[in-house]
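First subunit A sits with subunit B, and in the next complex the same chain sits with subunit C.
Right after this comes the complex of A and B.
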């Protein structure tokens, strides 16, 4: 993996390499280079399969991290390419013409994170949610508990105990 | 409103043009009616005994609990010996098992299927998710109290309940039916407005008629 990274680094400005396992590594790339890196990896290096495209919401840093996970079947290698994007009005270039499956992932990200992929086919269609009007539910500023309490009826009788306190009361009812 | 539900003009294969309003033409707009019991109690008891021995379950799994029904409908637990069987369509079944968590999107399909089932019909909530949300108690798309949306005859607790618990649940449901207390369909018809209001509160894109009979 180091060889490939060194080779890529000659052509593209890359972030540091994180080696998760012998067969799984990650590096960051600027969004303007993503497309050429992807094409290079697919056509020259044998990373022919897009395993997944997912996002992480780093709300503290104000960024979304997109991870494009690629697989090289012949070499049994996985490679994650990360792109950092600002959280406001996030928009990213589509890669559905490189891997058609990306269109589905992009549609999901559009719905769940609100990341736009202009020109990706059907990106604005409903994916999982139906009739969703609030902010995208996977964004971390979305308070799922408050939403659930507001929308769905709560059944009384559900209690939560602190395990340590509860067992202390159970075992030593008179105090220690 | 979805495109396929909008009023439109269709050209038939013979070149004849006609207007279709799917909501009006494909569905019955009549609200459900409560069915009064038979004129003598002993006859109604006979009916209820017969009903209790013919539980036909709609083969529709809403959540992970549906996995418990596979050993039940196969030789391992063989629920058929108790007069219970699974059917493929709502028109052929009278028992709806809500198997596990029920998301808002699935609730829509559940309501449609439930309303298509012939009366008298029964609903069993399976697993803690249908009772109080279970582990999805703070989820953005899982309902927490099933009886707000459909009349529930029986809950089976557990996460997940074993097939044995379901068999016991069937036996208990039979007792409830024989006692004449499984009046879910009538309850639904009588409190129709209340159920519809609750359903529409969570289903924001209501794109079906009020009663999908």
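Right after this comes the complex of A and C.
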């Protein structure tokens, strides 16, 4: 992976390489170089399988991390390419023309994180949610417990436990 | 060579790339297949636009059982997520447990004992068998062969009995945990498993005779639902859907995990990439799973620990990191992308289910120009489970 990283670094400004395992590495790239890096990896380096595209919300840093995970089956290598984007009015270049299946991932990211991918087919169509008007629910500021308490009524007759206390009694009865 | 319709001309595309479909013309009809429909694979639906009995456009709709599993995990401790992850795929839940547990082990620096690896592999193969049994019944049922589903449900039930005596549960097992598995094999398990496998082989022989030699089944599946192997990479096609097209994608061989390097097997591959070949690849893969279960039981160490001692799981924090763990489930590549931030909760969990690519982008492409009577069989032939699409 070091050879590939060095080769890529000659062409593109890349962040440091993180080798998670012998067959899995990550690096960060600027958004303006993402498409070029993707095309290069697919066409020149054999990373032809887009495994997944997802986002991580680093709300404390004010950024979204997009992770494009690619696989080179012949070389048994996985490569995670990270792109950091500001959380406000986030938009990113589409890659549906490189992998058509990316349109589905981008549509989900638009709905769940509010990250726009202009020109991605059907990106504004509802995917999983229906008639959702609140903030995109996979953002960190979306509170699932508050949402549930606001929208669903309590059912009488159901015994409830505080999960932490209950598990403590079950797993560590001696108070370990 | 299978028939490949020319999809470039009909119906005409507008300048923005969408199809020029005038519903008021009387030429086209909108039709919903699902979510309540016998010819749909689980809780999803396909919005069809048909012209006569030919589909001109299909759109996949999901979300009918969305519970936000990935989001819910972000406010639970690592160990509390286990009752959630298995529910992401009902017929084959064990891959969720394995991938999530293995991701935690990697980021937390935990090593599971060797015997636990053997038992995990056994559970995954038993789950694969069950999933294929559901598929074979569904595929036959989608073409009117209802009795096959009754036979395969019967042997699946026998395997559920084995699951019950091994894990204490039939559907959601929660048996694979970080650090290993909950327990070893019960006394006499090997003997009872052998009886189950022999019964399964007998039923699969009947299935082969009644389903795969059936004239109706052959006429309606051979050459239908063809996936061009050139599309595999573009559409993220993995598993039996790819192997039926001659591309030997199998994570068990490509990037071996658990004890697969110790086992003797060769991935099942087909050539024609149509519905019949996909069904046949899965039938033969089931027989291979039976063989793998026998190999596992004969080679598995009978002594030794199955679980590593974990830190106090209520106060368990995992250093910042990210990883991806994959496995070969009955539908293709299944994987977990886990991000941790040094706290006691996962920062982000992303589940990569094979249905995500197969049931949306790929299905929407394949469904065009299909006869409406073949839509159900085509969907089943991709072997998709909606929960892993919407998570």
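Operating definition for what follows: the second predicted complex is superposed on the first by the 155 of 176 C-alpha atoms of A that agree within 3 Å, B and C clash if a C-alpha of one lies under 4 Å from a C-alpha of the other, contacts with A are read in each partner's own complex, and residues count from 1 in each chain.
Note that contacts are C-beta pairs under 8 Å (C-beta built on N, C-alpha and C of every residue); 3 or more make two chains touch, one makes a residue touch a chain.
Quick caveat, the model's predicted, so the values are computed rather than measured.
Applying the stated contact rule after C-alpha superposition, one finds that A:20 touches subunit C and leaves subunit B untouched.
By the touch criterion defined above, A:133 reaches subunit B but does not reach subunit C.
By the touch criterion defined above, A:144 reaches both subunit B and subunit C. By the touch criterion stated above, A:5 is placed in contact with neither subunit B nor subunit C. For subunit A, the partner with contacts to more residues, out of subunit B and subunit C, is C. Of the two partner chains placed by superposition, only subunit C is touched by A:56; subunit B is not. In the superposed model, A:155 lies in contact with subunit B only, and not with subunit C. The interface of subunit A with subunit B overlaps its interface with subunit C at residues 128-130, 137, 142, 144-145.
Remark: subunit C residues 17, 62-63, 66, 68, 70-72, 74-75, 79-80, 106, 233-236, 238, 249, 254-255, 312-314, 321-324, 326, 333, 335, 337, 339, 347-348, 350, 352, 356-357, 360-362, 365, 390 touch subunit A in the complex. On the side of subunit A, the complex with subunit B involves touching residues 128-133, 137, 142, 144-145, 147-149, 151-155, 157-158.
Looking at the complex, you find that subunit B touches subunit A at residues 104-105, 108, 131-133, 137-145, 148, 198, 201-205. By the touch criterion stated above, subunit A contacts subunit C in their complex at residues 20-21, 23-24, 26, 48-52, 54-57, 67, 69, 73, 76, 78, 80, 99-101, 103-104, 121, 126-130, 137-138, 140, 142, 144-145, 163-164, 167-168, 171-172, 176.
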